[in-house]
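First subunit A sits with subunit B, and in the next complex the same chain sits with subunit C.
Let's turn to the complex of A and B:
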């Protein structure tokens, strides 16, 4: 084996490495390169303009507005989604029943139901919620009027027409669509926890809450950590939902504009400022790397062997 | 999948996977660029004069190679692409040996941008819709064939003894004229006005408003009938910017919008702009706008109007084509100009903005540029224009093509409005919306705020001025003037 080792390794590593270089790394590098130019995206030629794009980006109030929306979403969506999915996962596994049974009655059914949104394409979800939020005859409006509340007087112009509400209306959709996936992830993790630990805790008289915080959560920490990075990066993007539900971020006077949508408009719908858009893309890349590093730092804990 | 696999899948590899997905979004301009900057770039010629393939004749004024294939890309939006297929049959009839390739799509930019960068664009593009390519940039970087005298002096296909330039309505080419040169042919002639249901108005004895005071009086009447006066395409306040700009021009004259287009200092503080902003604020503060309008899409808003939930909606003449089967049978759609603000208006009530849409361009680096021009000549024939109107209920820029056409009532209403407008001074089209897209987007947003009462007239004007100043100072955006 020793003799043929290198050719063997090279044969297996080269194709994926080449694909990765061509389709992942080189676009990133070229993106950075283009961010230093005034390229319009329509010609074969361009001029280098140094850091001019970055300087205007930092002075661009609209970009900061988009960044602040990203930050708001980054705080709210992961916390709410992961809390919900942890609670649901605990209820549907041993942890939620005090270790006595392997989940609430009908837990298999609930698992499937909660996972449903994950099966739907994001565009379908977006269009569906556009109908739900419709101010005249939408599901939400009808429901509220049935219980005697006039939606348009508490939310003027409806969720998607109100500058202060639109971001949260769409964040709700992201949470609704994401909970099921993370629930399944956490269920998988919880089922790996040996049942003896739950039984021991039950014998010691631990309440369900205590069991969750002192047994389930610590043993699940690896999964939670992965989930935070995963959802963080997904939240930094949000392009699919916002593209459909907020006209690429423009709806309600850019009330739900984020970096990804602004970047798209700048490159493809504005005055063809590809260089400028590439600077935005580079910043987005830097933000996602920072996000990943920070999350791993914050959530680092000692690994528990079991 | 075992549980072990589930958890390991979402380890570091899962992270890398999601990072790559993000990269696909974040780096999409970069991805496109991969094919752009990798190869050797050909220098950009400023103007490529097409050379005839065969000798030019009266029958074939551009010297089209009869065997050369023609590649046509059509924006398949509100007008669909049936009309284009008909135009292609006409072309094919004259050049039976030419293979005509038809593509109907809404994704103009995603499909064509790489082709422009690689230097192999199609021969004719209907560059329209939300995903249209940026014409100004294409034009100023020499990617489009200039529509010059060679084209305009060529004989018309079926208007005997007329040159092409004599078969175009006034201002037909304005929209694609950039710094004095014409870069394409806008084809559809849209009248932008205010629609009402004539049947409903007759039944209630209402009259379409000719002045703002009339409109406010009409609002009282419709309110009494429990009907909101006005709705608009809520998520797209640009429809209201169109009404706004028309009213501003009628009130203060064509120079007002011209100053705005030219980014003159303080252009948005001109009296006419302020006065119309005040009027719009009144429309909102008197409660004449249908509740919830701001969150409707254009389709939802238009459907609400067609089902009798509001009396008036602003739109262009494509409205019937867009409503399609949603239109109730007893509905009598009719279009009128925007109301005059008051008796001091500089332009008459009849003045109505007619704008051209469906921008047909002939890329200068296409393989069959002459064929592309010939295709445009075909489109400007009476036969082609009438077919377009028949299929889309919309007029074309071809002068006199529709006069003797057995027109549909909605088309007739547009034609009447257009004819009446000929008596008044023409509203010159405003251009900043195409020239400075970031400014268009921001002013559209501000218009939405004015119409939902979050900004008053002064707030709107101040914000619009701020946006204009920012665009003026931005070195990245090329400045144009008219």
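Let's turn to the complex of A and C:
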């Protein structure tokens, strides 16, 4: 097996590795480099300005506004999404049936349906909800008026035209799209829990609620932890949803700017401040690293062997 | 969401009769009465979420056969006259045929080259120990941990200097590069799980390294390749940030745009209000963009879930 080994290794490894180094790894490194310059993208030359971009960034009220929106979303979206997906996952597996059967009636159907939003293009979801939220004739407005509520009297200009509501209207869509995915993730984890444990708990007369909090959740904690990091990093991004629904790609802040949409606008709309945008990107990376570390610290538990 | 009842109310009768494993199939009938009571509230919750997921999609589907007045005046009614023409008009006048074709080209070549390159790298990394092989593996892995956003500004520069800006070839190359980390990771584990003996006996029979790979290992890896192919198909079909930055509109018709870009463009600019079914045409466009991914998901349900959850639990 040794004959012709090296020519084979080199031929097989070079194309993928070259592609990866040029288009993935080098941009990540260049990003940090560009953040130390005043490059505008339009000129061939640029100067190194040290940490100037970062200093300006920290004094930029708009950036802090975007950061605060990110923080709000980071608190609400993971909590709501993961709570719903945990409950749904429990109901579709043994844990939600009192331990006796493998899930409530129709589990297979629900499982497929709930996952649908996860495979749809995010932009398509965003456009769809733009029409659903339309102030006049949108599905939401029509539904509310059908049950006797005038949407525009509660939310002037509709959910996407209202600075106080827009962020939460978009957060709802993110939750709508995310629940099915995390549910499937949790179902995968719950299926690894030995069925005897559920059956034993059922014989001992544990209710569903007790079984969930004392059996399912502790044994699933590793999955929950991963899910929190995963959804956190996803929530830091949300570019597709926000850029379409809040039109952040076109106009300035309409109340729902986050770091990602602001970065896109800084780099590719208007003045193309590439250096400044790269400083934003580097900060975004630092935020996601901090997020991962903090999450693992806070959620650390004794690992349960089973 | 405010209408959701809590999932497990404390008032439910505690402790269902434990069924023996063999009786589970009959169980549903035998304890039917008690089940209806204890499962009722959770079932309401399940049905409510299913409706919440399905209704928006059904509304878009139904509306795509209506005219503008009907969409806004009677959103829940069936169309008075089914406007099948909206699909034809969306396809032609709104240029969705071009966007669709562009997307298919990018995704087909993107997925094929992703599969080829990632299986090549993964096979070598899984089966050939050589100095530095672990380092190469971890270098690939590192790509999974960075957000795409950090790379986007430099990527703009790299593609421009290589002539890969504002064209479909450029998108294909970048899609493949960014699909490599996870695909290599997934397929390396897969190749490691395949039996070593088959490759060894192929060598004894005189096959070289290349023949062994293409004739023995690649066919064996088919299940893994399908999983990773479906995973990348969905990811690449749904991609929005990369095309928006690297493939901006270059002429009035947007002949270089992908489906997600083209539809977002139509929705954002709303330059689409002229005909009596313009909104319906937009909805038809949304349905056209949804059908391929939903079809792939329904056919490959297990593999899609496997690929996506493996991605999260890496």
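Before moving on, here are some points about what is shown:
Heads up, the rule we're going with is that the second predicted complex is superposed on the first by the 276 of 306 C-alpha atoms of A that agree within 3 Å, B and C clash if a C-alpha of one lies under 4 Å from a C-alpha of the other, contacts with A are read in each partner's own complex, and residues count from 1 in each chain.
By definition in this document, a contact is a pair of C-beta atoms (placed from the backbone, for glycine too) under 8 Å apart; a residue touches a chain by one contact, two chains touch by 3 or more.
A quick note: this is a predicted structure, and the numbers were derived from the prediction, not measured.
Per the definitions stated earlier, placing subunit B and subunit C onto a shared subunit A by superposition produces a clash between them.
Of the two partner chains, subunit B is the only one touched by A:133; subunit C is not. When the shared chain is aligned, no partner comes close enough to touch A:197: not subunit B, not subunit C. Using the contact criterion defined above for the overlaid structures, shared-chain residue A:152 touches subunit B, although it does not reach subunit C. Of the two partner chains placed by the overlay, neither subunit B nor subunit C lies in contact with A:76.
When the shared chain is aligned, subunit B and subunit C each come close enough to touch A:237.
Taking subunit A as the reference chain, the count of touched residues is higher for C when subunit B and subunit C are set side by side. Of the two partner chains placed by superposition, A:144 touches none, neither subunit B nor subunit C. In the superposed pair of complexes, A:217 makes contact with neither subunit B nor subunit C.
With both structures placed on the common chain, the touch criterion links A:271 to subunit B but leaves subunit C unconnected.
With chain A used to align the two structures, subunit B clashes with subunit C at 145-153, while the other stretches in 55-63, 91-99, 127-135 or 145-153 stay clear. Applying the stated touch rule to the two superposed structures, the overlap between the subunit B and subunit C interfaces on subunit A comprises residues 24, 26-28, 30-31, 34, 41, 130, 136, 184-185, 188, 223, 226-227, 230, 233, 236-237, 239, 247, 250, 260, 263-264, 267-268, 274, 277-278, 281, 284-285, 288. Here subunit A touches subunit B in the complex through residues 24, 26-28, 30-31, 33-34, 38-45, 52-53, 56, 62, 130, 133-136, 152, 156-163, 184-185, 188-189, 191-192, 222-223, 226-227, 229-230, 233-234, 236-237, 239, 247, 250-254, 260, 263-265, 267-278, 281, 284-285, 288, 292, going by the rule given at the top.
Within the complex formed with subunit A, the subunit C residues making contact are 1, 7-8, 10, 12, 14-19, 24, 27-28, 38-39, 42-43, 45-46, 49-50, 52-57, 59-60, 71-73, 75-76, 117-118, 120-121, 123-124, 128, 130, 136, 139-140, 142-143, 146-158, 173-174, 176-178, 180-181, 184, 200, 203, 208-210, 213, 234, 237-238, 240-241, 244-245, 259-260, 263-264, 267-268, 279, 282-283, 286, 289-290, 293-294, 296-298, 301, 304-305, 308-309, 312-313. Remark: subunit A residues 1, 3-6, 8-9, 12-13, 15-17, 19-20, 22-28, 30-31, 34, 41, 84, 87-88, 90-92, 96-102, 104-106, 109-110, 112-124, 126-132, 136-137, 139, 142-143, 146, 172, 175-176, 179-181, 184-185, 188, 199, 202-203, 205-209, 212, 223, 226-227, 230, 233, 236-237, 239-240, 243-244, 247, 249-250, 260, 263-264, 267-268, 274, 277-278, 281-282, 284-285, 288 touch subunit C in the complex. Of all residues in subunit B, only 3-4, 6-7, 10-11, 14-15, 18-23, 25-34, 36-38, 41-44, 109-110, 113, 116-117, 119, 130-131, 133-134, 136-138, 141, 143, 234-236, 291-297, 300, 304, 309, 436-438, 441-442, 444-446, 448-449, 452, 454, 474-478 touch subunit A in the complex they form.
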